[in-house]
Amino acid sequence: MAQKLGIEVEWVEGDWRHGVDPAVVEDRLKLDGSHSIKAICVVHNETSTGATSRIGEIRQAIDAANHPALYLVDTISSLACVDYRHDEWKVDVTVSGSQKGLMLPPGLGFNAVSEKALEAAKTATSNVSYWSWQDMIENNKNGVFPYTPATNLLYGLKEALRLLHTEGLDNVYARHARLAEATRIAVEAWGLENLCLVPEEFSNSLTAVVMPDGHDADALRNVILVNFDMSLGTGLGKVKGKIFRIGHLGDFNELMLTGTLSGVEMGLEIAGVPFNKGGINAAMDFLAQN
Amino acid sequence: MAQKLGIEVEWVEGDWRHGVDPAVVEDRLKLDGSHSIKAICVVHNETSTGATSRIGEIRQAIDAANHPALYLVDTISSLACVDYRHDEWKVDVTVSGSQKGLMLPPGLGFNAVSEKALEAAKTATSNVSYWSWQDMIENNKNGVFPYTPATNLLYGLKEALRLLHTEGLDNVYARHARLAEATRIAVEAWGLENLCLVPEEFSNSLTAVVMPDGHDADALRNVILVNFDMSLGTGLGKVKGKIFRIGHLGDFNELMLTGTLSGVEMGLEIAGVPFNKGGINAAMDFLAQN
Amino acid sequence: MAQKLGIEVEWVEGDWRHGVDPAVVEDRLKLDGSHSIKAICVVHNETSTGATSRIGEIRQAIDAANHPALYLVDTISSLACVDYRHDEWKVDVTVSGSQKGLMLPPGLGFNAVSEKALEAAKTATSNVSYWSWQDMIENNKNGVFPYTPATNLLYGLKEALRLLHTEGLDNVYARHARLAEATRIAVEAWGLENLCLVPEEFSNSLTAVVMPDGHDADALRNVILVNFDMSLGTGLGKVKGKIFRIGHLGDFNELMLTGTLSGVEMGLEIAGVPFNKGGINAAMDFLAQN
Amino acid sequence: MAQKLGIEVEWVEGDWRHGVDPAVVEDRLKLDGSHSIKAICVVHNETSTGATSRIGEIRQAIDAANHPALYLVDTISSLACVDYRHDEWKVDVTVSGSQKGLMLPPGLGFNAVSEKALEAAKTATSNVSYWSWQDMIENNKNGVFPYTPATNLLYGLKEALRLLHTEGLDNVYARHARLAEATRIAVEAWGLENLCLVPEEFSNSLTAVVMPDGHDADALRNVILVNFDMSLGTGLGKVKGKIFRIGHLGDFNELMLTGTLSGVEMGLEIAGVPFNKGGINAAMDFLAQN
């Protein structure tokens, strides 16, 4: 529990191998008869672990608890990769960034804000200028920006949206699902474990792979970087050294994935990690049939 | 035999599965006691077939015939991919382009010209302005260009040369050799045939693969394009439909190659071409050990 | 006086036509015998008004008051345009951005932080994560970034610094001074007024020009935009409509400036603003002699 | 008169201060009762001198002579700058390039070819491969290119055409006419002379300015390059050192022009060339009123 800016924050600990459990949310909210909890924050797709929380079901849990808390969702690594429904799921604030599914450099942040959240912001006492929507809302009415805009990224965004809509969002989601499935098939064929344990929470943006005991993920990552000029994601925090992450989001297709998987498979061999060869073939069989 | 611009051209026909035979050159020149042959033209790396002619040995053949013909070599798809020695092999005119091993867009042509060729040009009667070196030589003295220069490509060339020299030309050649060998290993594992029959003439820039009888290379190429957004080279001229070509030159590395080979392997399966799976694995085994 | 984040902020009002007065700073600090003032914040170059405060003299004022307040300076629109000395002037925190003198898109922020400021940060109670240096300092030791870095801008920064050092910082400052002086000469020749009234505080990054009474600056700006595709800076806040701003910072040279000034001069005429022609000539005379 | 490739070429000498005289063409053709002249070649806009020949009137001259010669026109520096009508003027071959009015890097050449020219090509004896349209025509039927295409420039061309059509070709021509007129007004105000003597042949792409006797154009050009980083066109051939050229074509607008003219005016002063100041003002007066 931390106190910053007069905000009391309560972390509901997880085990890093599951998404947020809707039942836990419902139970916790039911305990809060006085409605002291003002907002629930959930990360849609956890980039560190490859787990995608079930935002719609968590919404149902909040409703079941009949609790008025705001519902805040981070979609940094899920937006434009995995289906997401701000309105349908009655999310109050969705935040996202430009550098993942939108295929742009980092530099743009997005907020989708409900009327309820705007209303709450009016009376918020932790008013940090950085978090204020008011300047932006005022200026946007006239088509301008309150501060220096990242104009180049706005042009990029226009083009990224054009690309996504040309492909069709449903096709974009299906592509990410297909490439993620192929990745998981390769991981399983290697005899390695997906950090995420819940099939319906497997991330279609990235897959975190657990190293066999006694083998360091960062040593493997270094072998692959040095030999094949491919930089895999490191394990963060308590899974440092224990997992490596394979990204398969954004501007990504079948042969980029097979190139990636072949690099992992060769790297596992060079690094002397115990594994079964053939992950690449299993993935290719799946891709050739889908 | 054709006559253009007052030039009599004699083609020494090959079978498209070998490079130029030095012995044939020597024999032909020995027949030309009157020295009516003014120049020998050889393509170093034949982009259409994946055969790399032995320019140094052909030089020895010319010398053995004691013939004064100029020696002209096209290095469009070999320069900066395969070792080449204009001076050591006493080539009179080497031509090349920007769009292959130099990793640039097309638009620049290069000529390396010997004193002997410059001398011959002075008395040439087939003087086409397009082929005249004189304007360029005159203007280059002052650091200028006789016509509109492709300035953007010259900047790109500067950077390409910086990249090549940073890697080291020997390393660049070794990389191309390694990736080409991996490709040939995959082709062999698939049970398919390399169009080029002479191991010392296998091209390190590209590999032309012969389709099994009764299967159309362009149908396969289309399957791969549609399914995996990868465009392989078509067969040209008399091998149209009979071969496809895998390029592995320029800005290319291990995982680009495995991505490429996996696309071919999946394409062969989808297209119903008879082949043995596992080319990708054979290539990966080779690459992981080298 | 505002209260945010538990920070009490006191604005020392100015008249927008001068920089910060060192004497005012000294007097205010001398009144603060209890050292309740923790930090002085000054904008080096005020982008809204074209006034450059005398950071070195303000340092002397702080010292003369014998006051331990931290000295915080915003150099967003001055860095790499106007001479600035973080160490010599004992500034505790200098902040800047990528999008002005560094000639990059917006997206990078810079902090130069003194030991004294780092020490103060340890016990600060207004600890906003956004303002914390600690994560960055820890990660930088290993050459990494605590959050998603704007890698493309870091490459751009490397090149921008190369350009600046190739020109030489003294030459960069002299260039900005020369172009700013030419701008002021033009403004004076037009019979218009510089918003900034103190010659030693005239900004070398931009010049804010006061419109004659009864003429709207934004109408003029629109005329110039429509006719000449040039977007001048608008007046902000209380000088909205009363001034327009001519930027002359960053990647800018003599002919860009004369193009700019000619656009303003033609715009003044088209918009029917009373002025004397010939600002462009006065500027050109100055530039031709310097 | 030269003989190359079996082609007899007759130059009709001009004085470099006029375009091609339609009357001279008519007279020459009338002398050719045997129709030994196979083609007339005219440059639409002469980049070296700033004269635009009257292609439509020359067409009338050819018709008046009742001569069947092919009509070949070079529009390198006029296409998309000055009105041109391949069909209406019954031009048989129009050639152009990407690097002028199309605002692209050099690298693309364009040929518009009449049926009559295609017919003539079939029986031409000077068949240089470089000049053959046949391969291109054959391949274009299938949407492909006979040789390595400059794909990046084709994308650029698509965008350039989009820009031109968004502005509207008539507006593009009017813009070039307005900027060229402003340039000529400046030249006249300086007391300098336009190399081209015929008003209806003044080029809207560029203006060649005659230096006063005893003053070297290249010395002036160097002064301007060194002081203002602006590179003007040099005099070519017999006007070397006697003229300099101001380009005002392509992606060019009012303030680019005034920046250019101010650079020339300051350069004239610094170089000590006798001239009247105020060319920039005359141009600005014209532009402000148009």
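Labels for the chains are A, B, C and D, by order of writing; each one numbers its residues from 1.
As a working rule, contacts are C-beta pairs under 8 Å (C-beta built on N, C-alpha and C of every residue); 3 or more make two chains touch, one makes a residue touch a chain.
This one's a predicted model, so the numbers in the text were calculated from it and none came from an experiment.
A.B. asks: Which chain lies the greatest distance away from chain D when centres are computed from Cα atoms alone?
C.D. replies: A
A.B. asks: Based only on mean CA positions, could you tell me how far chain C sits from chain D in angstrom?
C.D. replies: About 46 Å, centre to centre.
A.B. asks: Distance-wise, how many Å sit between the C-alpha centres of chain A and chain D, to the nearest whole number?
C.D. replies: Chain centroid spacing, chain A to chain D, equals 57 Å.
A.B. asks: Considering chain A alone, which of its residues make contact with at least two other chains?
C.D. replies: Not one residue in chain A touches at least two other chains.
A.B. asks: Touching pairs of chains, which are they?
C.D. replies: According to the stated criterion, the contacting chain pairs are A-B, A-C, B-D, C-D.
A.B. asks: Considering only the defined contacts, which chain C positions touch chain D in the complex?
C.D. replies: On the chain C side, the touching residues are 227-230, 253-256, 258-260, 262-263, 265-266, 269-270, 277-278, 280-281, 284, 287-288.
A.B. asks: Would you mind writing out the residues of chain B in touch with chain D in their complex?
C.D. replies: Where chain B meets chain D, its residues are 4-5, 97, 99, 105-107, 126-130, 148-153.
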